[in-house]
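Note that chain A is present in both complexes that follow, paired respectively with chain B and with chain C.
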Partner chain A sequence: MRIGVFICHCGTNISGVVDVVKLAESISHYPGVVISKENKYMCSDPGQNLIKSAVKEYNLDRIVVASCTPKLHENTFRACLEDLGLNPYMLEIANIREQCSWVHSDNPELATKKAEDLIKMAIARVRFAKELTCSKVTIERRALVIGGGVAGIQSALDIANAGYHVTLVERTPSIGGRMAQLDKTFPTLDCSACILTPKMVEANRHHLIKILTYSEVEEVSGFVGSFEVTIRMKSRSVEMKKCTGCGMCQSKCPVKVDSEFDEGLSKRRAIYMPFPQAVPNIPVIDRANCRYFLEKKCGVCKKVCPSDAIDYDQEDTILKEKFGSITIATGFDLFDHSAYGEYGYGKLKNVITSIQYERLVNSSGPTGGHIIRPSDGKEAKKVAFISCVGSRDNKMGKPYCSKVCCMYTAKHALLLKEHVPDAEAYIFYIDIRAAGKNYEEFVYRVQENYRVKYIRGRVSKIFEEGDNLIVRGFDTLSGESIEMEFDLVVLAVGVIPRKDSDSFARMLNISLDANHFVGELHPKLAPVEKNTPGIFLSGSCQYPRDIPESVAMAGAAAVKSLSLFAKEFLTSEPMISEVNTSICTGCLNCKNICPYRAINEEEIKDLDGKIRIVAKVNETICRGCGTCVASCPSQCINLKGVSNEQILAAIEAL
Partner chain B sequence: MDINSELQKKVYKLFEEGTIKRFIGYEKGSLPYKTRPCIITKKEDVNRLIFDQFCVNNLSIYLRGDLEKTGILANMCTLKSIVALLQGNQVKPENLYILAVNCPGMVDPDKAELSSLPAQTKLMPFGYKNLYDKCKACHHELPKIYQDLIGEEISVACEPVDEYAFIKDMEKLTQDERWKFWEKQFSKCIRCYACRNVCPICYCKECMVDKANPQWVSKLNQSSTNEYYNLMRVIHVMGRCTDCGECERVCPVKIPYRKLIKKMEKEIKELYGYVPGKDPKELPPLSTFKEEDPEKGIK
Partner chain C sequence: MIRNGISQTLALEIEKRTKINVFGCYQCGKCSAGCVFSYLMDTPPHLLMRLIQLDMREKALSSNTFWGCGACVTCSFRCPREIDVLRVINTVRSIAIEERVLSRNNSLKDVPIFNEIFMNNIIGNEHVNEFLLGANFNLKSLKFFKDISLLPVLYKKDKLTARKKASTRNIKKIVEGLKGNNGI
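What follows is the complex of A and B.
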């Protein structure tokens, strides 16, 4: 065993506190250590060359680098060993920067002693280091995109345009998502539907994209390159192959219920398409409200359907398919403002949400684009827009900024002025956050050209007086309290995670962040990746995103899938757990506790011919977290590269 | 019909029907107040089987390994241990026929006046005061995993005992006092490993104390390694131990293991609301991951 120790100064980061030269000298006498050297920057080319020449000169077979955290340069030094033809796992890092010099700058003498201890422990560990190799895994070159909003559609298009099959799963009867509900988009005021529907149609016509609407992902197992996914296609009660989308059924259906698409501002039928441009252009029967399913009467849609497409006996279809990657684009929900007592607990008729306003101003919306009050149908002439409803409010458990409300509120006020030129618009805000290309200019235009009045301050109460609403608040700029009468109040409700995000995360076995959005691998350097390899994020499931950001994320997530598919095969992580089957009792504690579901049971034949059950680690799923090692009552699981032997040896070296 | 003939009749029938190939029960020992476990493989031998208030051994320990159609006479403690074995996939339920017995509690020979022993066949000739401590606190609710049941139903007529009373007394001591107490107890240990060998849930193929590579615990019989061994063993069975009390019973130097084991049981109960040995479908809290686990950090 020939060990080389290489100690880094890290400029003065380490050597400013730890006596590196003395350390190198004392370590060189340690048993098994052939050579011990120090250098200004071990990670630099000269530093690495020093390691390389020392390995050649002294015929070293394993090395210890005492430097910064292994998170930063472990891979650098592993590559260095690989260049030399050594196994890259014959390396141990002693972290003498974060764990020593940075935290003990007040006591250099003891810090030097501690650094020596840390290096001694690393030497003890590297003695038991074993050569580890990666195994190869094949890739299923098909992508699953969950969520058919603009982020999901764009991801699917980007992957399909590169030549790979994509399945796009959408929960509602049509793709399009939130963007389909919007009127104009800030700051350019393009019509939302006009720019979205071509994409929807393109996705629908793409020969590599399979769109499954009215479907939900039910179960996900497997791992990167080979996810096994169960998708439930809910029964539409309409045969997709026969239906021509003529719409006869929905015009004759006698049942009327609130339209989800119009946010309750209009009625839809029990058999319905959510909106005219729906893709696919095929209705579904909402069985919870359909008279045929409730009372076994009616059956009008079946009678009027010219192509005999109605099938009341249709059952849910379960699809089981394999995918190489999964892109999550599940989008967001909106904050329920009835939690706010000061805004009338959601009971005041003329207090509406921003998404309802989007439907009101939309020319294909329930009012044909007329901004009228829900209470009496009169045109709104004086409208208050209140921002940060369910955003930036710790009381409501929503400490974060929803990011899009400042901009859409400015847009709403502008649209009011465009639709009703003599109307007055007031915006109550805390701060105006308009960081984005042309965003600040847009807000300025709204203020200057459209004379929208911005009042800085929170609203303390909204109440009805006669037909109108009284808004009471405090203008923090003038320092005066205000009370004004309005026809209509629009609440800029915050963006919240999908209400079922917890169960969704459990199904995919992924983590959520503190606000229950889907957490990313790294907030800066891996914003569209998950800690589970092969799962990528797109759009507002990760954090409130506007359209350009969602589309950019969609492209980024698609590229991650594509770079996965471009590989010939995947290599598995070698530092994973392994079961010593000879002493495994098969209690399967490890299986129950594994956060990645990487452990399964396996039958083996003992030497005496008896068959027994033991635990088996799936090498491609295991991430080497070590939970199973700690939970195993018989200590029969070991983590390769961080084995029990190595840990005990390190403790003994102390 | 007394319990012995009921037992023998039932086991005879099981053999005759071919339901079982062997039966694990108790037979009379060499002393009047002793019984010993026995394994019967022929129906002709069933008259050896008995059940009285000295049947204290936990028979579940004989269920290890590859079983072929085995019947077992299960008193309360054996039954609870079988639950733990089922949870740890150590026995196949399809190969097991459990004949449960309404257990009246076992007599502690240290407490009873055995010289005046009656030639008894009926159960419960001994007063409540002569029972093992664990039996005094027994709730007599048999886990519903058995196929058949013998013996009269036990009416818990005795005064209820707080099963953690002696733990609460220990908790009143300071940390120093407790450590001194245990130091003294563990210094008696001779490392005979009887406690380990008798434990029904010590089913590891290779025990931590026997391992040499890496060596987790030194084989030297000295106070520090004895402390390490004993505490490690208790933590090892934490959340799975059903308090059959066998370790304490077999200890030749009388280390009061139940004082440690009950403390662990109490902690688990307070933390997770879990009591071992009740339902084989409910897994021990330290072997599972649940949404409502108190550790928020691991969600």
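What follows is the complex of A and C.
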């Protein structure tokens, strides 16, 4: 056994605290260590060449590198060993930067002592290192995209245009998502539907994209390259092949329900298409409100349908498919402002949310583009827009900035002026966050050309007086109290995670961040990846995103899927559990505790011919978390690369 | 003009007394917007917070914010940064009283006089004695004939003589406990 130890200065990150030269000298006398060297930067080319030449010169068979965390450069040094023809797992890293020099800069002497201990432990571990090899896994070259908003549609298109099959799953009856609800888009004032619908149609016509609307992902198992996904296609009660989308059914249906698409500002029928440009252009029956399903009466839609497409007996279809990658594009919900007592508990009729305002100003919306008050239908002449409702508010548990509200509020005020030229618009804000291409200029335009009054101060109370609303605020720039009467108040409600994000995360076995958005693998260097390989993020499920950002993320997530599909095969992680079947008692504690469902039971024949049950690890599913190792009462499960004997040796070396 | 940097002695003093970190305040103005007495103040609550952040000690202690404050707690209740604004205001009042700093604005000059007499009255008698309170206030504020027409009413209700002193120990204990960060 010939061990080489290589100690890194990391500039002065390590050597500024730890006496590296002395350390290299003392370690070189350690039993088993053939050579011990230090270098300014071990990860640099000269540093790696130093390792390579030392391995050749001293005929080393395993090495210890004392440097930064293995998260950063373990792969660098493994590759270095591979170049030399050694097994890359004959390597141990002693983390003497994050776990020593950075945290003990106040006591260099003890830090040097600790660094020595850490290296000694690494040497003890490397003594028991075994050669490990990766196995090859095939890839299912089909992508699943969850969520049919603009992020999901773009991701699906990008993957499909590269020549791979995509399944796009959408929960509502139509794809389009939030963007379909919007009127104009900032800062260019493009009509939102006009730029979105061509993409929806393109996705629908694409021969490699399968769109499953009114469907939900129910179960996900498996791993990168072959996820096994169960999708429930809820029954539309309308046969998709027969329906021509004529709309006769929804014009005759007698039941009226609040429209989700118009945010409760209009009524839809029990059989409905959410909006005229819906893709697919096929209605669904909302069984919870349909008179046929509630009372077994009515049946008007079936009678009037000219193509006999209504099928009341249709059942949910369960689809089980395999996918190589999953892109999450589940989008966002909006903050429920009834939590604010001072803003009327959501009970003041003329206090509406920003998304309701989008529907109001939309020419195909419930009012045909007239900005009228919900209470009496009078045109709104004086409107207050209030930003940061349910964002930047620790009291409401939403400390983060919702990011898009400053811009859409400026747009809302501009649209008011465009629709009602003699109207007055007031925006109550705390800070204006307009960091984006042409965003700041847009806000200036709203202030200078449209003369929208910006008042810097959060509103403290909204209450009714007669027909109108009184807004009590404060202009913090002039120190003036403000109590003004308005026809209409629009609350810029913050973007929040999907309300079912917790159960969704459990189903996919992924983590959420502190605000319950879907957390990314690395905030800077892997913003569209999850810690589960093969799962990618797109759009506002990760954090409030505007349209250009969502589209950019969609492309980035698609590329991650494509680079996966471009590989011939995947290599599995070799540092996984293995069962010593000769001492396994078959208690199967490990099977029950495994978070990845990677352990199953297996029948084996003993030497004396008896058949008994033992645990068996599925090598492709196991992620090497080590939970089973800790749970095994007979210590027969071991984690390759971090075995029990290695850990015990490391402790003994202390 | 701020020239030599900004220290944080006042903020640290408040943090020591109340454990409130005033640097969480981003001056959104919701406290001032909801304050029913802000029209009386030369420095509305959000601006007092700013003065503390900038360590403008004299300006903060000589403001009349804490003499105009009615302690309705609306500011603390609605603060999106969950800062107990009322407690900060009260603490600044305590410091101003301890350091005998006078308001630079004359409009509320009687309030501290009343505050002192009222508190002494409670500490000394356990009850508030309206006659002593009024008489003392009139003397100290040099408004000798203020509310003089109420004397017969007080006489009728037998409020002119001081009540028998009850045990004032408990009251003293409460007041001592409140001292320092509650504006006493």
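Remarks
Everything that follows uses one rule, which is that the second predicted complex is superposed on the first by the 648 of 654 C-alpha atoms of A that agree within 3 Å, B and C clash if a C-alpha of one lies under 4 Å from a C-alpha of the other, contacts with A are read in each partner's own complex, and residues count from 1 in each chain.
The definition used in the following text is that a residue touches a chain if its C-beta (ideal position, glycine included) is under 8 Å from a C-beta of that chain, and two chains touch if they have at least 3 such contacts.
What you see is a predicted model; the values in this text were computed from it and never measured.
In the superposed model, A:G586 lies in contact with chain B only, and not with chain C. Touch criterion met: A:E645 reaches chain B, while chain C stays clear of it. Once the two complexes are overlaid on the shared chain, A:K610 sits against chain B while remaining clear of chain C. In the superposed model, A:C628 makes contact with neither chain B nor chain C.
Residue ranges on chain C touching chain A, taken from their complex, read 26-34, 38-39, 44, 46-47, 74, 78-82. Of all residues in chain A, those touching chain C in their complex are 342, 388, 392-396, 430-431, 456-461, 472-476, 479, 481-482.
Note for the complex: chain B touches chain A at residues 66, 88-90, 203-206, 208, 211, 213-216, 236, 283, 286-289, 291, 298-299. Touching chain B in their complex are the following residues of chain A: 506, 511, 582-589, 592-593, 595, 610, 612-613, 631, 633-636, 644-645, 648-649.
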